[in-house]
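Structures are listed in the sections that come next.
In what follows, chain A forms one complex with chain B and a second complex with chain C.
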Partner chain A sequence: MKKRFIASLFLSASLLLTACSGGGSSADPAKNPDSQAGATGSTQLVIAADQDPVGLDPHKVPAVSSNRIYSLVYDSLTKLDDNMSVVPALADSWKLSDDGKTVTFKLHEGVKFHNGREMTSDDVKYSFERILNPDTGAVAKSYFSSVDAIEAPDKYTVVFKLKTPDAAFLANTASAYASIVPKEVTDLNKEAVGTGPFELEKMESGQYVLLKKNPNYFVEGMPKVDSIKFQIMKDEAERLAAIRTGKVDLTTVSADSAKLLESSKNVTIKNYQSMEYSYLGINVAKKPFDDPRVRQAISYAVDRNQLVQTVWKGQAALTGPLSPAQTIWALDTTEYPSYEHNVEKAKQLLAEAGLPNGFNTVIETASTYPDMIETAQVLQQQLKAVGINAEIKQLEWGNYIETWKSKDMDLLVGRNTSGVDPDRSLRFFFSSEGSANVWNYSNAKFDELVQKALEATDQTERKKLYDEAQKLVVEDAPNLFLASPQNFYAVSDKVEGFTPSAAGEVYALVKASVKK
Partner chain B sequence: MNTFIQRFAQNKTAVACLFILVLITLAAVFAPFIAPHDPTQMFQESRLQGSSSDYLLGTDQFGRDLLSRIIYGARVSLWVGLSSVFISAAFGTVFGLLAGYFGKWIDSLLMRLMDVLFAFPEILLALAIVAALGPGTSNTILAIGIVNIPIFTRTVRGAVLSVKNLEFVESAKAIGAKTGRILFREIFPNVTAPLLVQASLAISGAILTESALSFLGLGVQPPDPSWGGMISEARRYMELAPGMIVWPSVAMTVTILAFNLFGDAVRDILDPRHRSK
Partner chain C sequence: MGRYILKRIVSLIPIVFGISVLVFTILHLVPGDPASIMLGTNATPEAVKALRQSMGLDQPLVTQYLHWMGGLMQGDFGVSVHTGQAILPEILKRFAITLQLTLFGAIIGWSIAIPLGILSAVRVHSSVDVLVRVTAMLGISVPNFAIGTLLLLGLSLYFGWFPPIDVVNFWENPVEAFQVFVLPAVTMGIVLAAGVMRMTRSAFLETLDKDFIRTARAKGNNQWTVVIGHALRNSSIPIVTIAGMQIGYLLGGSVIVEQLFSIPGLGQYILDGIYQRDYPVVQGGVLFIALVFVLVNLLVDVIYTWIDPRIKY
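And now, the complex of A and B:
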């Protein structure tokens, strides 16, 4: 009886806590001793974060909530600027051999880890070997599948030997998943020791993460603020209230909230075209979706403009497999014939496929993301017009991920980050061996195109191959690419120099300063 | 029975609540005839509108008519409320009769089992069941039905204990009546009153639980309207279209209040001890 009592007490307590967490944040910055910094002349940037970080090992943890924190603590060999070009970070320069199979990096001299030790080529070698070691389970392992060997001939030189030329290699070294970590730290989830602009000061689960400025940061004059505090606020309404009342200086908001904040006096809205797109995934192995005509019919039945207007309130762009933010590579959507909204054509294709009366199916999506649920509902209505009756199933997040991995769904609504390089957007998601190809899609011609493009060293040729691959995957339609949303930041007028872009939050944060 | 109707007619709250409940039930039953629009039809050009002659209570983010959705939502709420309470009442009655009448190990076994179910907070258990079975209306009904079994078992068991040693049961035994007859013909009529009261109260609880589950996205699946689901969707649009959250909340409050007050009033009428108050 006692045990049961304790168990029920525990359960009710946890329920109570869950119920409370949506409400006001318990950690009021004004009352918190950690934010007293402002009083002594130093500056602090308070950011509302929508999720707790779930670990800080940059190689192992892909979660966005973790990424935005460890990206500030670690550096990579290179980084991407606003125009998505690769620029120096820990590596000052690099050289590609003529056959494209050897990349030599010259490291910046005198860079120190937060523990005071100098970062050298040994750490770079260690970091990449850690990523490539299957036991690590690194997120970026497949990014570097072309790497054959890594050499560190002297303290400031690292040489990568590649099995095949790899056009995506340089852009991939800019990823935070390829952060350079010190070899002496064994558990990077417990300790965060990087070379980055900020050091981890304190982390209180469910409350806040406090970072303080790295005084020895190797980039002169950066970062501009003395500390950054990520205040955990899971509810959109809570973040909205916090930015209005000045409790936080900066937060991401939805398009709806952005509209509401437009009239606010002390808040500016900054937006940019994101790298994300929403999609309808189609299981190519399941009947009747194994018939390409059925998938084409669905594409003609879908009015993408209505999705842009209804779900994203007009704050999104039409997209193919590459988000329009990938300006150099993304094809214009007018290149795709099946993007036309044509109910008659859809019905005709269904009839040709032997399904003149349509069929019943299921659309699964995640209950956590309102935009996905709304997308599913609009799609359901549009499919109904051509006789396809879809039942919507909202799944809890863990369950949704399981379904995604199962390769056994019918239709699935989701959102992807198309990535900075077309290799990720195409090979990673749609090649037969692609780790994110859960749609059972396999087209030898597509596989060949993306592999050739990866090995191509000539940009024009690479572009031509990717153009063809994009058209092919849209025509085969294992996914319908729906809309690529704008992302919105609400920024307090106290903050200067924060210009968010698809290059990532970190890039903008190190340049941001706070008025005293 | 005539005195019951007389007393009922004198109780103004009971009559008023019954009137409201009948109205809601009629609206739910005749929804297709009453609702001005199809509850799932999206009028693209009329998103997030306020009240107008076309859309009496305004529209939601897809341009769906709120009034129609609320009327159809009543269907869902009542259906889930009634059918889940029917499940709990049916099982609860059988368990309660058995436990109360036979006592000994049957009583211990059944009641300890009920204690286990009771130990969980209602919504947590319902969540766990729905998570295991998958989302959807019928699984929601089943989950809420299971969650409420213990309370019915206890109610019925208590009523059985209070009558099982009275003379009419003894005499039924004495003339050789079979156990089944004693249970259902002699004892059962004496537990209907508390059962009725409990049922009317449990319906409002069930409607609330359904709303909570739908609010979390695990109950009724879109685009089918349910009040909890509508409130959940409305959170994002509270400032742009307040009607989206106000009207389903009003509908739910009125319904829950009517069921609760109705249950209380019926208890007062049936229970002599409460009558004077």
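And now, the complex of A and C:
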């Protein structure tokens, strides 16, 4: 009887399995790339990715998980080198007119899209017009608000006419959100056809994204590996185990995990100063935060060094509104008097503002990111010392974004990417009209400074204006800029020439090779 | 019997309808907006508006619901608002993976649990019984993510072993599929085993006290003939009940285990959908799971009649 029972159990199990096999993929060429690669002697770089890409249209999808893939498939007019300077990519050279209102790009000749057609000035014009078209909903639309008209006088020349001089324009053309796309492809989420170093070979949702080398890539000798496979591994413990056992060659890791891996054989940790920073956002329209003295008091009450030590294990730098990775523009934090940790001064400022006994408030943050929660907790402790009792509310990501947009929070802990050009980090985030200014902050002096800086053609003058703007926004304190973390990669010793930097993963990957 | 099954299947219609309304309203009540989530905090309001429009989210809720239901009637689950991919093929593909994981896990779990449960009941209050009960308690108490992480880290650290990273189906390559699924299945099996073991033990304890068992013994049958031949079938109803519930529950996707071992199963798919407020994905996925759950329950009810012919519907 028992035998019959078990036999029928197996039978029903196998019936169910075959019933569902229609949905499964069968006989799949990418299934066993290792053995294939071995047969032809080609090289593959396997990268652990923590999220599935959510669409591959470079103009529309800002998600990091998507960005790191389409950045390898597409090129932009320019790119950044490791020092964050703008260097040629699809454009060989460019010229700025004397009044700063005309930018002329000369394109690299003979660049081909993955479908074999040559990339010309028409595609550049099409791409930028697509970005500027409000119906597209492009991420980079606001980057190019100064563009008036785009002309393509011949096959390899593109002319941008600007309404006003725009000092940030050139740096913005380096963004992957400003990728050059072919005009014949209508749905870029379904088809990925670029000029970039890699072509999209296969995408298996929840499992992997396979890219293969573009043999006709216009940069001589690049890329070095024949294929890149992004393996989706959502759990950090799994990524750690995978890099240790050599199943993947490369993965980003947290500061904690980097420490764990230090002693592992065959794995090297590489780090760089990121362009991100954590912040405490303050709603300046809400009582009692509408009093600048209260915001100042919070700044004096916060010990930024303790945050660096506790939250980031020492692997972060103090930062202003520009991350220290923006070496040319960022002011040294010693320039900001309110960065001093001074409880007495904070109490005194609170007393002057009529709140000698402190007050109660709420800090909201995203539950998705442990570093944000820890930051909120450390801040809660530090604020308590001056009599401010903050309750922490952890919000699920979608809910967090709603709160962020609401302009109705009290205090909010978050993380920003400060952007390549200071215009983005300052005007976009803090000018009265800035799209990311959700803090109700408005200071006419600041608005004027950043607008002038945007139109300045002289770099020294521009720098001076931005120095002043940085000091002003730190003093007004609509945000407290807390710490800019290091980012970590764990890299297998099989991989050579991978040097990550804030300029972006793509150039490091293009130069990386894998030992056979 | 046939009529009974038919009746049960027909009763699915109001269930599906009810669930669809519930899922739809709850999802849309949750704060958060797919377009803003997709574009992140650096998005301009125009960009969000344009994206919402292209996702069809600017329509009134009732229109959106009717549109979705209209598609469902024709077997069309719609497309993901994020990737534009059709949802039903993705659900089926992922369900196939979840199904393999669940069955593998269940086979491991039950093949430990049922023999041990029987042993524990037969040798009640012996040291074996105590050991089995303590182990079962431990199995229930330790969370599966802890077991899974320990397995994964332990094997990779001390033996340098890591499962193959691409998921393969059993009917394609059984050997590799075995390696892919073995760790998550063991993780799942341990937790399953604990529940089934306790149920088996108590069911057997009750049966072994019955008169017919005493009669069977009195006829001079040996211990194991009595236990397997007479007690097993008479104790199976509660065991099948709990096993059926476990299976139904796990077929909805065991999110934690799937996440830990990067198994692209149904649970992960729906969880990602929730995070991104990918409404059609979550709606379709939950509806599908509900259907599966109901069908598994039906199957269990049918199995009852086979175990105990006295049960008639």
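What we mean here is this: the second predicted complex is superposed on the first by the 478 of 516 C-alpha atoms of A that agree within 3 Å, B and C clash if a C-alpha of one lies under 4 Å from a C-alpha of the other, contacts with A are read in each partner's own complex, and residues count from 1 in each chain.
Throughout what follows, contacts are C-beta pairs under 8 Å (C-beta built on N, C-alpha and C of every residue); 3 or more make two chains touch, one makes a residue touch a chain.
Quantities reported herein were computed from a predicted structural model and do not represent experimental measurements.
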item	value
Which of chain B and chain C A:Ala138 touches, first, second, both or neither	second
First, second, both or neither for A:Thr499, with chain B first and chain C second	neither
Contacts of A:Ala436 with chain B and chain C, given as first, second, both or neither	second
Partner chain(s) touched by A:Thr157 [first = chain B, second = chain C, both, neither]	neither
Partner chain in contact with A:Ala237 - chain B first, chain C second, else both or neither	both
Contacts of A:Thr268 with chain B and chain C, given as first, second, both or neither	neither
Which superposed partner A:Thr310 touches (first chain B, second chain C, both, neither)	first
Which superposed partner A:Gly206 touches (first chain B, second chain C, both, neither)	second
Chain A residues touched - chain C or chain B, whichever exceeds	C
Which superposed partner A:Glu396 touches (first chain B, second chain C, both, neither)	both
Touching both chain B and chain C, residues of chain A	5, 12, 237, 396, 399
Complex contact set, residues of chain A against chain B	4-5, 7-8, 11-12, 15, 236-237, 254, 256, 259-260, 306, 309-310, 367-368, 370, 373-374, 376-378, 380-381, 391-396, 399
Contacting residues of chain B [partner chain A, same complex]	40-42, 44, 47, 61-63, 115-116, 119-121, 123-124, 131, 134-136, 216-218, 221-223, 233, 235-240
Interfacial residue positions of chain A with respect to chain C in the complex	1-2, 5, 12-13, 16-18, 20-27, 31-32, 46, 52, 54-55, 60-63, 134-139, 141-142, 187, 189-190, 204-208, 231-235, 237-238, 240-242, 244-245, 247-248, 396-399, 401-402, 404-405, 414, 416-417, 428, 435-436
Touching residues on chain C, where the partner in the complex is chain A	30-33, 36-51, 54, 82-85, 89-97, 99-100, 103, 107, 149, 152-153, 155-157, 160-162, 165-172, 228-229, 232-233, 236, 259-262, 264, 268-269, 272, 275-277, 299
